[in-house]
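What follows is a set of structures to go through.
Look for chain A in each of the two complexes below; its partner is chain B in the first and chain C in the second.
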Partner chain A sequence: MAHFTKATSVKDWLNQRLAVEKIEKVMASEYWIPKNINFLWAMGMILAITFALLLVSGIFLLMYYNPDVNLAFDSVNYTIMREVDFGWLWRHVHGVAASVVFLVIYIHMFTGIYYGSYKKGREMIWLSGMLLFVTFSAEAFSGYMLPWGQMSYWAGMVITNIFSLGGLHMDGLVEWIRGDYVPAQAFLTRFFMLHVFLLPLAIMGLIGLHFAALRIPHVNNQDGEEIDFDAEAKKYLDGDKAGSKVMRFANDFMSKDMMVVGIYLIFFFYLVFYNYGFAMDPVNFDPANGLKTPTHIYPEWYFLWSYEILRPFSINIGLMAFGFAQVIFMLLPWLDRSPNAVPASRRGKFKIWFWLLLVDMIVLTAMGKLPPQGIFSTIGLVAALGFIALWIALPFITMNEKKV
Partner chain B sequence: MHNSSRRGFMGKAFGAVAGVGAVGSLVAMKKTWDPLPSVKAAGFTTLDMSIYPEGKLITEKWRGKPIFILRKTKEMIDSQTESQATRDIVVAGIHYMIAIGLCTHLGCIPAYIPAEKEFHCACHGGQFDWSGQVTKTPPPRGLDIPPFKIEGNKMILGEVGPEFQAMKDSGVTL
Partner chain C sequence: MKNKEPLILVVVVAFTLLTYWLVEPFAHSQMHKHVESEHFAYADLAKLTKDGDVANGKVLVTGAAACAGCHSITKEGIAANVDAVTAAATYGVNPPDLSNAGVLFEARFLADLIKNPAHALKVEHKFDAAKGQMHPMVAFYGAGGDIDQEIADIVAYLQSIAVTKEELTPKMAFENACGRCHSMSYENWTQIGEKPKFKHKKDSLAFDIKVLEYQDSIVKYMGKLPPDLSMYYRSRSEHFLSTFIENPQSQLEGTAMPRVGVTAEVAEKIIEHMADAGDTKRAERASVGANVMIYIIFFAIFAFLWKRSVWRDLH
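And now, the complex of A and B:
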């Protein structure tokens, strides 16, 4: 049996039983972060904070929300918004955070792409991050069903229909997912379960994996420099703090991180209090009606780019393009054939590729919002083809990249 | 060696028990998500076909889905092309266009534009003519026709009658 001695302090008591000092070192004070980073390295912490905001606001919404097709709409729009004191706050925090979290996810992703933070041992960070993107998407979609407004219903109809897989006509699968011929009670209750339990659980597990994947390769830095973390940590602990290329996660790095988080939170709560409208589609303030499609339906802004890849083609080709867009980002570490893990600015053609991809996705997003007519259809089609072409070209343009 | 083979056996025995249990629970989980008997039982709708006005689109509801019913005008019947005529449904001597009012692309309800005698889908831009045939992609096929059975001047949606079966067999609808 392990040997325990009479504790000299509460800390010592805990230390003997839980090794709290060791944990603190591993997790914080001796978790080494490169010094050569910028504010874009704070996006992970911003995402963690935003997830916490979603969790807390969600817990309070859950106390009054009613997952019944006859009551859901009023439980949100009447009970929570008008009767519950500060109910509006939880709803607006939840709605704004659900939208903003995707903006930060995209910034986080493109930061990773720009600095090559998905290569040389960082593949698992990228993969777990993309899995988080997928689960966050499912979480956003299932949450969008809950107010049971017109957009909830018709988004539910359209998205579940994707599972019939076009020419394969798997209507039985669609009815199985819905538990009915159309989205109805069974559909609402099961998406409620997914939204408040199973998906958040999966997200929390994946966040753990994402952090763990970071542990061995460590955080990348602004120049893609390969740092010997053991040597630099030793230098730091021996007293040469200025000469060392690394710093402690807490409190050194955290102090900078939380500064960015503070600025972000001011922006976030400005949106919550004064500009929440963008996260609340007016069409969804009409109760769900299975006999009337809104005149123009579109997904939330963060799904528009992939929606626009689906839209311009006939159904089977559209679904294939859509499926391509969903999985291709996962394969990035293997499609990029270059050995260089440095910022895009130093990688020649890859730099052009990066900016083209970013611009293309912004164009797709803009076209996805517009009605599918005339010149917008054409621009959308070109941008969709451009997206596919860019990804197919990636291995070829990176294959011959010079080693820097 | 003796021990390890005993452990090997125990491992395999546990694997067998767990495998049976896993398959069993998957079956239960799959079945739990199936549409309930009450949902399936409510899947039939009887319509009196004699009440519909000529040339005007009426929307009925069956299995939560909109059903388009258009009693065709004389010009429509006279001008029907061969493929439009295959979708024609005749009840007690009157010609109708009857279809599930959901775009065959991803299920939005196309709006009927009386002036153009066409259906336009706002979601992804698909279009159908007055007989329910697709005229502009992305929808892969014309509007689906719900299973129906004709009894006198009544129509039962959800039951398969000989007229529907013939349409299904000839590939007019799914």
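And now, the complex of A and C:
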């Protein structure tokens, strides 16, 4: 057993038992961050803050929400929106944060791709991040079921149908997932469980893994520079704060994080109070009705690109393309054959590939929402084929990249 | 090294706005048919050319025109002959009380309605007299004199007994113009009126049964139960609601819902009442929103100052 002495202060008491000083150093004051990074590196903190907003608002909503097909719609739209003090505020915060979190995730992902932050020891950061994307997607989908509106019901119908896997006709699997032939009480209760318990638990675990994966390879920087963190940290601690290439996470980088968070929250609360419509689809304010299919069924904007990869093909090919789109991002660290971990701007063909991918995914997103008719179908088909072609081309265009 | 952050910010914002524009304003403009408002002019109906005589109107309404045979006019002490449930079983829907018809409906609409109900209501696809499909409201064929003068008299009389525009509340507008077909459960409104508080469950259930019986009649009459309008303010845009009230056929061709014929001001009041049901906290949202924005802007300023003081030593 360790040797304990009479504590001289509360801090000393805690220190002997929990090593709080050591933890503070490891997690904050001697967690070294390169100086040559820009505000895109604050997206992690923005995601953490947004997740906290989702968690807190979700806890308040959970106190009044009722996962019963006969009560769910009214518990949200009557009890929470009208009866509970500030219930409307929590709901709008929750709905807007659920949408905006994906915007920030996409910015975070494309930042990683642009700066090559999945290479040279950072593969686990990328993989854990992609797993977070998948669990966040499941979390968003399961949450969308809960108000039990028309879009909840019909999106639930369409998405669970995917599991019949087209020509394989695995209808039994679909019934097993739904717990019924159609989305009904069993379906709502299990998605409620997933949304408020299992998936948040998985997300919190994965966030821990994501942070841990960052520890050994350190944060990347905007110049692709290899930094000797030990030597630079020593320089900083010896007093040459200006000359060192690194800084403390807290308070040095955290002060910048907070500045970006401040600007982000202005944008976020503007949406919550003045422009929330994009995150709360009007169709979902009609109660679920299994006998009345809405004219247009579309997912939330952040799923549109993968929806559009599914949609322009015949069912079996569409499902294969959809499956491809779901897993291909995971393989990025191995599909990119280049030895360079530098910004895309210095990587020749990869630079073109990056911007093409970004534009292609925006086109897919737009076409995923528009009705699949006429020119929109054609553009959607071309963009879906383009997406697949870009990923197949990636190993070939990066294979012969010169070392910079 | 050159600071790239402004350029990066421009790129991020530009792609975000482009995506937003594509999936919201643009996509919705492609998905939904745009219907122009006609500003409740009812230009397809003839204008009233004659000046009405209130006294003669009263004589006609209570006499030769036989309005009071089906309609109550509570303001004038004319009660309904039967209760709402029985009336609906006979006519399909409970005929409206005429006390405030003069302020709710546009004069030329009222005039056309009296003369040819299916035409004014735009339900001729359902009620074609030639095929023996009679509208439950019997048309007024005249009391022997100049029919246009007589109709002008009736309209003048109805206008004279109605409350003023200012006295007409959003709730009254909704209940009179919409509430005999549509319920609004969040405002405790049923098609046969506001549900009272009952002391005994038995009485409450008896009321519910009456509502169900009434609804059965409307389903027979309309083809389906008209939707509960509690959340329609959130599920439809204001423009949609306004143009739909003006002419349901323009948005949903062949619908059984009749043209309501309300004036532009009454339509606004109806929509206000729908907002009172579906978006009750809009005033609170505006005031809390302003305070939160002020707080967050201060937060951002302090965060910026903190960053600047910390980073002074780092460069």
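One rule holds in what follows: the second predicted complex is superposed on the first by the 404 of 404 C-alpha atoms of A that agree within 3 Å, B and C clash if a C-alpha of one lies under 4 Å from a C-alpha of the other, contacts with A are read in each partner's own complex, and residues count from 1 in each chain.
Simple rule for what comes next: contacts are C-beta pairs under 8 Å (C-beta built on N, C-alpha and C of every residue); 3 or more make two chains touch, one makes a residue touch a chain.
Values in this document were obtained by computation on a predicted structure and should not be read as measured data.
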(message) Let me test your reading of the model: by the given contact rule, A:Ile266 touches which partner, first (chain B), second (chain C), both or neither?
(response) second
(request) Scan A:His296 for contacts with chain B and chain C and give back first, second, both or neither. (result) both
(request) Give the label of whichever partner, chain B or chain C, reaches more residues of chain A. (result) C
(request) Would you check which partner chain A:Gly167 touches, where first means chain B only, second means chain C only, and both and neither mean what they say? (result) first
(request) Considering only the touch criterion stated at the top, classify A:Glu232 as touching first (chain B), second (chain C), both, or neither. (result) neither
(message) On the A-aligned overlay, A:Leu304 touches which partner chain: chain B = first, chain C = second, or both, or neither?
(response) second
(message) Is A:Pro371 touching anything from chain B or chain C once the two structures are fitted on A? First, second, both or neither.
(response) both
(message) Looking at A:Asp286 after the superposition, I want to know if it touches chain B, chain C, both of them or none. Which is it: first, second, both, neither?
(response) second
(message) Shared contact residues on chain A, chain B side and chain C side combined as an intersection?
(response) 295-296, 371
(request) Under the touch definition given earlier, write down the residues of chain A that touch chain B in their complex. (result) 154, 157-158, 161-162, 166-167, 169, 175-182, 184, 186, 190, 290-297, 310-316, 318, 371-373, 377
(request) Would you pull the chain C residues touching chain A in the complex into a rising list? (result) 1, 4-5, 8-9, 12, 15-16, 18-20, 22-24, 26-27, 30-31, 186, 227, 230-232, 234-237, 278, 280-281, 284-286, 288-289, 292-293, 296-297, 299-304, 306-307, 309-311, 313-315
(request) Would you pull the chain A residues touching chain C in the complex into a rising list? (result) 35-36, 38-40, 77-78, 81-82, 86, 88-89, 92, 103, 107, 222, 241-242, 247, 251-252, 255-256, 258-259, 261-263, 265-266, 269-270, 272-274, 277-278, 280, 282-287, 295-296, 301, 304, 358, 362, 365-366, 369-371, 376
(request) Would you pull the chain B residues touching chain A in the complex into a rising list? (result) 30, 33-36, 39, 43, 59, 61, 63-66, 102, 104-109, 111, 122-125, 137-140, 174
